[in-house]
Amino acid sequence: MEILYAIFIAPFVEMGSYPDLFIQALWDGFVAGTLYGLIALGFVLIFKASGVFNFSQPILVVLAALSLVSFYKMGIPAWISVILVLIMFYVLAWLVERLILRQLVNQDGNILFMSTIGLTFIIIGAAQWIFGGVPNAMIVNELGFPSGSLEWPIFGGGVYFEMIDVSAAVIAVIMIVILAVFFSKTKIGRGLRAVADDHQAALSVGISLNQIWVIVWFVAGIVALVTGIFWGARSDVSFALQIIGFKALPVLIIGGFTSIQGAIIGGLIIGLGEKIFEIYWGPLLGSGVEGWFAYVIALVFLLYRPQGLFGDKLIERV
Amino acid sequence: MFYRETGQFKSKYKEELAAFPLAEDKVGIIILLVIAYVFIPIFGIPGLPFEFTMGAIMIPVFIFTITTLGLNILLGFAGQISLGTGAFMGVGAYSCYKIMTIFPDLNIIICVILSGLVTAVVGMIFGLPSLKIKGFYLIVATLAAQFFLEWAFIRVAWLYNYNDSGGIEGTNKEMFGLIVSGPQSDALTRYFIVLTLLVLLTWLASNVIRGRIGRSWMMIRDMDIAAELIGVRPLTAKLSAFAFSSFYIGISGALMVFFWLGAAEVESFDVSHSFTYLFMVIIGGLGSITGSYMGAALVWVIPVLIKEIGKTVFGFDAFIMENFSIIFLGVAIVVILIVEPHGLARLWQITKQKLRLWPFPY
Amino acid sequence: MFDDKNQEILLDVSNIEVVYNNIILVLRGVSLTVEKGGITALLGGNGAGKSTTLKSVSNLLRSERGEVTKGTISYNGESIKDLDPADMVRSGVIQVMEGRHCFEHLTVEENLLTGAYTRKVSGSEIQESLDLVYNYFPRLKERRKSLAGYTSGGEQQMVAIGRALMSQPETILLDEPSMGLAPQLVEEIFEIVKQLNEKESVAFLLAEQNTNVALKYAHKGYILESGRVVMDGPAKELRENPDVKEFYLGMSEEGRSSFKNTKSYRRRKRWL
Amino acid sequence: MSEKNSVIMEVKNINLRFGGVIAIQDVSFNIFEGEIRAIIGPNGAGKSSMLNVINGFYHPQEGEVWFNGEKRPSMEPYQIAKTGIARTFQNIALFKGMTTIENVMTGRQLKMNKNFFWQMLRYGPAIDEEVQHRRRCEEIIDFLEINHIRKTPVGSLPYGLQKRVELARALAMDPKILLLDEPMAGMNVEEKQDMSRFIIDVNEEFGTTIALIEHDMAVVMDLADRVVVLDYGKLLADGTPAEVQSNQAVIDAYLGVPH
Amino acid sequence: FADELLVPHMTYRVGPFAANGTMIANGFTDYFLMLNERDGGIGGIKVNPEECETGYKAQVGVECYESYRGKNALVHTPNSTGITLQILQKAPEDEVPILTMGYGLSAAAKGETFPWAFNYPASYWSQMTSILSYIDSQTGLKGKKIGFLYLDVGYGREPIPVLEELGPKMGFETLLVPVAGKEMQNQSSHWLTIRKEKPDWVIMWGWGAMNPTAIKEAAKTRFPLDRFIGNWWSGAHVDTQSLGAKAKGYLASSYTTTGTSFPAIQDMIKYVVEPGKSKTKMDMPGKVLYNRAMFNAVLIAEAIMEAQKMTGKKMVTGADVRLGLENVKLDEARLKELGLEGFTAPVMGGCADHENGGSIFVQQWDGSDWIRQTDLIPPMTDVVQPLLTAAAEKYVSDKSGWTTQKCN
C-alpha cells in the first residue's frame, strides 16, 4: 500500500505542492533535452550520410571546445577563434575522408564504426598531447552570449532561466530546423540518404562519396562546436566532456538514427523524462537512476518501434 | 611451398570434420602449446622481467582472449553487437565473489565456472531485446544493460558484501595444497590455470561453432530472415548465443579479478572496457578463433610494450608515451581495417593462401 | 545509324588483368572496344568475368577491393585510371549494376532523382527526364511513392535502369538488364536500348545471359570464358556460329532443344 | 504422370495487402502431389508474395492455406519449414559468411537435434549426427555438380553458382514441396539446361513437388505440368502450359507477342 | 640497478581527470628533484621519482604495479582509490608499503591490521567528522538537514557510514545525492532535488569535472555557496579557477596550505621549476594540489631518511621504508626545519595508527584564490576509531593468512 502510494501518489502531490520547482524541472529538462538533441544531431548527420555510427562525435565536441578556448587564450579574438576552429574542422573533415573513409568504401557498418573509434583514439592522444588536461572556462561572454539569469517569481517561489540556457535552446532549435530543411529538401540531402543505403549504388549514379563525406563531417564539426560551447558553459572545457556523448545514444534510439527532427524530439523526451523521473521517483530507487533511465525509456520505445519514432523503416524482405 | 594441402586426402568425413584437417596446422598448434606450457614458464619472454611477463602480459592476455572469444561468439558468429561486455565481466566477477563467500570451501575453479553460468543467465535476459532490435540499435540496448549493471554493482551493496570500499577482493584459495588464487599465490600457478582454462574453452568454442548450434548462429548473422525460413528459431539461436558468449565473458571476468587484479571495483567493468574488448574482436577478426587470440594480444600488449620500451630504451616520460600509445592504437586500428577489414585473422589466412601458391603471385 | 566500319572508338579496354583482394585473379587479359553509338554485347557463362569487366570500366572495382593490375582502359582517348566513379558519370559513363542495388529507403521517385545527381540543370529539365522514364516504365509511376525496398524484383530492375537514364549518359554499362524481367518487358527494355541508341546515339556495353535477345539487338559481341575473350565479332556472325548456336542459343540441328530432354551426359563445350 | 492429382497444397481466397498496395487479391489454386507447378505473371504480379504466403513469411489478411489435406493454423516461418516446405529466393539469400558446404549443411539444421553438451564436446552422438548429415549434403553437392566450390565462401561466387547453392540448401531439407523463385534468372541457356535437368531429376527421382516462378517461358513450357498466371494480384489463368500459352488474356498481360 | 632510490608514482596526466593528476604529479616529482638538486638526494643518494601513467584506470594501475616488481621500489603511491584496493593485498607479499595520502581505504589507518598501508595524515572518516564539527560550530547541527553530494563510486561512498553513525547522535538528517560518473557534468536534476529537499548545508565528495559543475549548478539554483563545503579533493584551484567570481564563497576542507611563501616551495621553484627541470609551469607551485602532492613527497622523503637512520644503510628497501613510515616524526620543529612552518598539522607516525588522526582546516574561495578560514579542526576520534576498528576487522575477516602485526 505504502509503496503504491509512494509510486503513484506522492510524486504528484509533490509536484502540486511546489509548482515553481516543477516548472523549473520542466525548463531544466527542456534545456538538457535540446542539448542532448545537439549531440545526437552530430551522430545523425554522419549516420544519415554514410550509414556510419560515428563514435568520434563526442571527442569532436571536446576538440572543438578545447581548441576554441585555446585559440582565445593565445590572444586571438573570440570570433576569429571560432573561424579558426571552423577551418580546422574543414581540414579535419578532408583528412578523415582522404585517409580513412575513402579506403573503406562499401565496407560493413561495423567496420566503419570501428574506424571512427580508431579516429577517436588518434584525436584523444593528439589533443591531450597538444592541449594538456587543464580545464578551462568556456568563453561564452567573450562570444557575446548574454550572461546572468531571468527570475520569474511565481507560487511563492521562483523559476530561474539562465540566459546561457536560453541562448543554447534557441540556437539548438534554429540549427536543427535549418539542417532538417537542408537535408530533406535539397539534392545533397537525397544524395546523403542514398549513400547511407548503398555506397556502391551511390557511386554508380555518380554521387561523389568523397565530397559528401567532407561536407557532412564538416557540418558535424560545426554541430560539435556549438555543442562544445554550450556544454562547456555548463561545466568546464576538459576531456571529461566526452562522457556526455553517451547521453546522446538513447536520444538517437527514440528519435531514430536517421532523423534530424527525431534528434531534437528524442532529446526533449529524454531530457524531460529523466529529470522528472529522477527528481520525483529517483529517491525511491536510491537516486542516481538518470544514468540508465534514459536507456530504459529508449528500450521501451525500441520494443514497439524498432526504428525509433522518426527513423527510416527497417526493410525486411526476401 | 611450405604450406600445402595437396597430397593430404581425407577418406572419411570424420577426418575432415576434425579441428585441424591440415597436418601443418596440427604441428603448428602443438608447437604453440609447447611454447605456452614449457617455454614461457621456463624462460619468460626474452628481454622482459619474468614477473612482469606473467603479471602484466601473459595472464591478462589469456584472460582477455577468453573475453574476446566470448564476444566473438556473439558478434562474429551470431552477428549480435554488444557493448555490455565490461558489465558482463562484472557479473562474472561479482557472482564469483558471492559464491566464494557463501560457500567458502568450494573449489575456486568451480566457483569460476558457476559464475560463468550465472553470467550466461544474465546475458540471456539482456539478450532478449535482440529479438526485435537489430544493428546499431542493439548497441544501445546493450549499453542499457551496461549502465544498468554498473549502477547495480554500486547500489546493490549485497553484491560486495557491504564492504566499505565498495569493491570486491580475492582471498587466498587453495587447490591440491597449492595456493592458486589470492595475494599469496604464485604468478606461475595462476598462469597455468588461466592457460589451461583458455585452452579448454577454445576447444569447446571451436567445437560448438562447427556444429549445429554454431551454424544456427552464423545463419542468423548472415541473413536472419532466410535463417528463419529455413527453420532456425530466432529466439533459441539468439539467446543461446548470448548465453554461450556470456558464459565465456563471465568466466573471464571472474578470472580477471581472482587470478589477475586481486580486487576490483565497478570501474574495472565500465563501458570503456567494453570498447577495448570490441577492438580486440574486430582487430583480431570477426568470426575467427585465431583472431580472438591475435586481437587480445595485440590490443593489450602494444600499449604495454610501447610504454615499457619508451621508458626503458628511450627514456621518454610517461605522459608522452601514454599519448603516443593511444595514438598508435588508433592508427593501428584504422590501418588494419584499411588493409584488411576482416582483421588479423583474415590477413593471416591470406598469407597462408599466398604461401600455398608460392612462388606464384596469384 | 550505326555502321560497322570506320567507327570512332569510345571505350577502349586493352589487355586488362583484374585481381580481387590481391589474390584472386579474375580477368586474364581482356580487350574490347565500344564504338560511339554502338551496342556491344558481352556474353559468357557464370563467373566468366562480365560484371568484373564492367566494373573496371566504371571504376567501381575499387569499392570491392578489386584492382586492375595490368592493361589500360581509356574513354574518349583518355585513360580513366585516376577518375573516380563520379567523374565517370560526369563524363558520361554510367553503370547499371547487376542485382539492382536500389536505395531501399528512398522512394521509387527519389531513386530516380538520384540518377540526375550529377546534372546541373533546372528542375523542369529533370522533371522532363523523369516523365520520360515514367513513359518507358508506367509501372514505376504507379509505385512512385513506395519505398524501393518494398517493390518487386522486376520493379527494382526498372528503377535501376530508369535511374541510369536520368543521368542522360553517353554510354551505359548494362549488367544483365533482362534478369528477372517478364518476357514482354525484356523485349521492351531492349527496344528502349535500341531507341536510345538510335535516337540519342547512346552507346551500350551490355553483359547478358540472354544471348538470344542480346545478339538480336547488339552490333557486335564478345564472348568471355574464365576471364578471357574467346570469341568476338559482329553480332550477325556470332549468331550464325555453330558453337554459339548450340551453347548460347540452345539450338541444335533440329531447332530449339527442349529443356525437358537435355540429357545429363550432354556434351559440354569449353573453349580453353 | 497420370497419378499427379492428389492435392498436397491448396491456397484459398488469399488476400494480401501492404498499406494501400494490394499484392494478392482473392487468389485460389492448388498443387498436386509430385507435379511441377509454375507460377508466372508480369513483374509485381504477386508471385513472390504468393510464395511468401505459402511458407509463412507473409500473413495474408484473408484466406486459407491447406497443406496435406488440413487447414494450416497460423504458424511462425520456422515451424512451417518443419512441415516440409523449402524454398529458394529471388534475391539470393545465402549465408554469405559461410562456405558452400556449410550453407548446404544449414538445410539439415532441422533434422539435427543433439544438445549443447554434445555439441561442445563434438564427440559421440554429435559427431555421428554431423557425419551422417554431412554425407547427405555431399550427395546433394555431387548431384548439383558444385563439388569444386565446396569450401569456397559463397559471397564471392558468381550469381549462377549462388543460385545453385541455394537449390542445394533447399534440397538438403528433404522437402515435400520445393518453392523456387526464379531459379534461372541470370543464367545462359547452357546453365538453364543444367538447372532444368536438376529440377526434373529432383522431381522425378525424389518425387518432390515443385512450385516454380520463372520468366523464361521456354523453361516454363517445357518443365511445368500446370501453370498459374497472376496479374497484378489477380488470378488470370490456370491450366496446362499449352492452355495458358494460347490464352489471349495471358498473351496480352504477360507474353507480349506469342512465342 | 643503479644507485638510486626508486620512488614510483602512479600518475594520470591523461584522461578525464588529467587536470588534477597533472598538478599532483608535478608537486610530487618536483620535491624529489629539488632534493636531488639541493641536497644531492636523500642521505647522499639520488631519488628517482619515476612516473607511471595510469590514466586513472585500475587495470593499468596493476600493470604499473607489476612493472615495478623486483625493482626495489620503496613505496607505492597509487593516487587512486581503485588502484589502491587492487594492490593493497599484494603489498605484504611484495614487501613494499603503500602510502595513500588522503585517499584509499579508511580502514588502512589501523596499523595492526594493515602493516603495509598508510593513510597519513587523515582518513576520509576523520575528515568527515571534522567537517561536521565545522558545521556545528557555524550554525549548529541539531535539527539540521545535511545534503551529501557524492561521486557514486567507492571513493564517494566511503563517508556514508560516518553520516549514518553521527546523524542520530548529533540530531541531523542526511540527504544522499549520488552523482553517477556519467552525470558529472550534468547535475541539474541533482540540484533540483536539493532545491526540493532544502538541506541547510551540502557536503560534497566530488572529483574532477564534477566539482565545477556542482558549484555552477549550486549558484544556478541559488543555493548559498557558503553553506556548500567540499572535501579536500573538491577544493582545488582546478575546480574553481575557471569559475572565478562565480564560485566566491564556496568552502572546502584541506590539510595543506596554499601559496608559495614556504621556503621549501621557494626552493622547488628555484632549483626545479625556474630552471625548467620538470614539466611544471610557473603558475603551478602554491596551488592546492601541487602543495598537497609536495607534502606527500615530504612524508616519503622523511620516511626514507628515517629508514636510513634506523638501518644504517643508504640503499634502503621497501620493508625499511615501511618502518620509516611508522616512525616518521614530523613535528612543528621538523616542519620548520624543512621550511614548512604552519603548512600543515604535525604527523607523528606510529605502529598502530597509520592515520595519525590528522586535523584539517577549512578554506574558502574568494573569487581568485583559496583563503584559509579556520584553525586546525581535529576529528572526532571517539567516533571514528570504533568505526575504523570494525571496518578493519571486517576487511580481514574473510582473508585467511592475512599479515597483521602486533604493536605495543
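Letters are used for the chains, namely A, B, C, D and E, taken in the order the chains are written, and counting of residues starts over at 1 for each.
As a working rule, contacts are C-beta pairs under 8 Å (C-beta built on N, C-alpha and C of every residue); 3 or more make two chains touch, one makes a residue touch a chain.
As the structure is a computational prediction, the values presented were derived from the model and not from experiment.
A.B. asks: Work out which chains are contact partners of both chain A and chain D.
C.D. replies: B, C
A.B. asks: Based on CA centres, what chain would you say lies at the far end from chain B?
C.D. replies: C
A.B. asks: Between A-C and A-E, which chain pair is linked by more C-beta pairs in contact?
C.D. replies: Comparing A-C with A-E, the pair joined by more C-beta contacts is A-E.
A.B. asks: Counting only Cα atoms for the centres, state how far chain C is from chain D in Å.
C.D. replies: The answer is 29 Å.
A.B. asks: Need the CA-centroid distance for the pair chain B / chain D, whole Å please.
C.D. replies: 41
A.B. asks: How many angstrom lie between the CA centroids of chain A and chain B, rounded to a whole number?
C.D. replies: 33
A.B. asks: Report, in whole Å, the distance between the mean C-alpha point of chain C and the mean C-alpha point of chain E.
C.D. replies: Taking the average C-alpha coordinate of chain C and of chain E, the gap between them is 74 Å.
A.B. asks: So which stretches of chain D touch two or more other chains?
C.D. replies: 57, 89-91, 93
A.B. asks: List, in ascending order, every residue of chain A touching at least 2 other chains.
C.D. replies: Counting only residues that touch two or more other chains, chain A contributes 128, 246, 286, 288, 291, 317-318.
A.B. asks: Two or more other chains touching the same residue: where does that happen in chain C?
C.D. replies: Residues 24, 150 of chain C each touch two or more of the other chains.
A.B. asks: Quick one: in the complex, what on chain C touches chain D?
C.D. replies: On the chain C side, the touching residues are 20, 24, 43-48, 98-100, 139, 143, 146, 150-155, 157-158, 176, 179-187, 209-212, 247-250, 256-260, 262-264, 266, 268-269.
A.B. asks: Residues of chain C touching chain B in their complex?
C.D. replies: 19, 21-25
A.B. asks: Can you list the residues on chain D that touch chain C in the complex?
C.D. replies: Its residues touching chain C are 18, 21, 41-45, 48, 90-91, 156-161, 182, 185-194, 196-197, 200-201, 215-219, 222-223, 254-257, 259.
A.B. asks: Under the touch definition given earlier, write down the residues of chain B that touch chain A in their complex.
C.D. replies: Per the touch definition, chain B meets chain A at residues 75, 81, 129, 132-137, 139-141, 143-144, 147-148, 150-151, 155, 225-226, 229, 271, 275, 278-279, 282, 286, 320, 323-334, 337-338, 341.
A.B. asks: Enumerate the contact residues on chain B facing chain C in the complex.
C.D. replies: Residues 350, 353-354, 357, 362 of chain B touch chain C in their complex.
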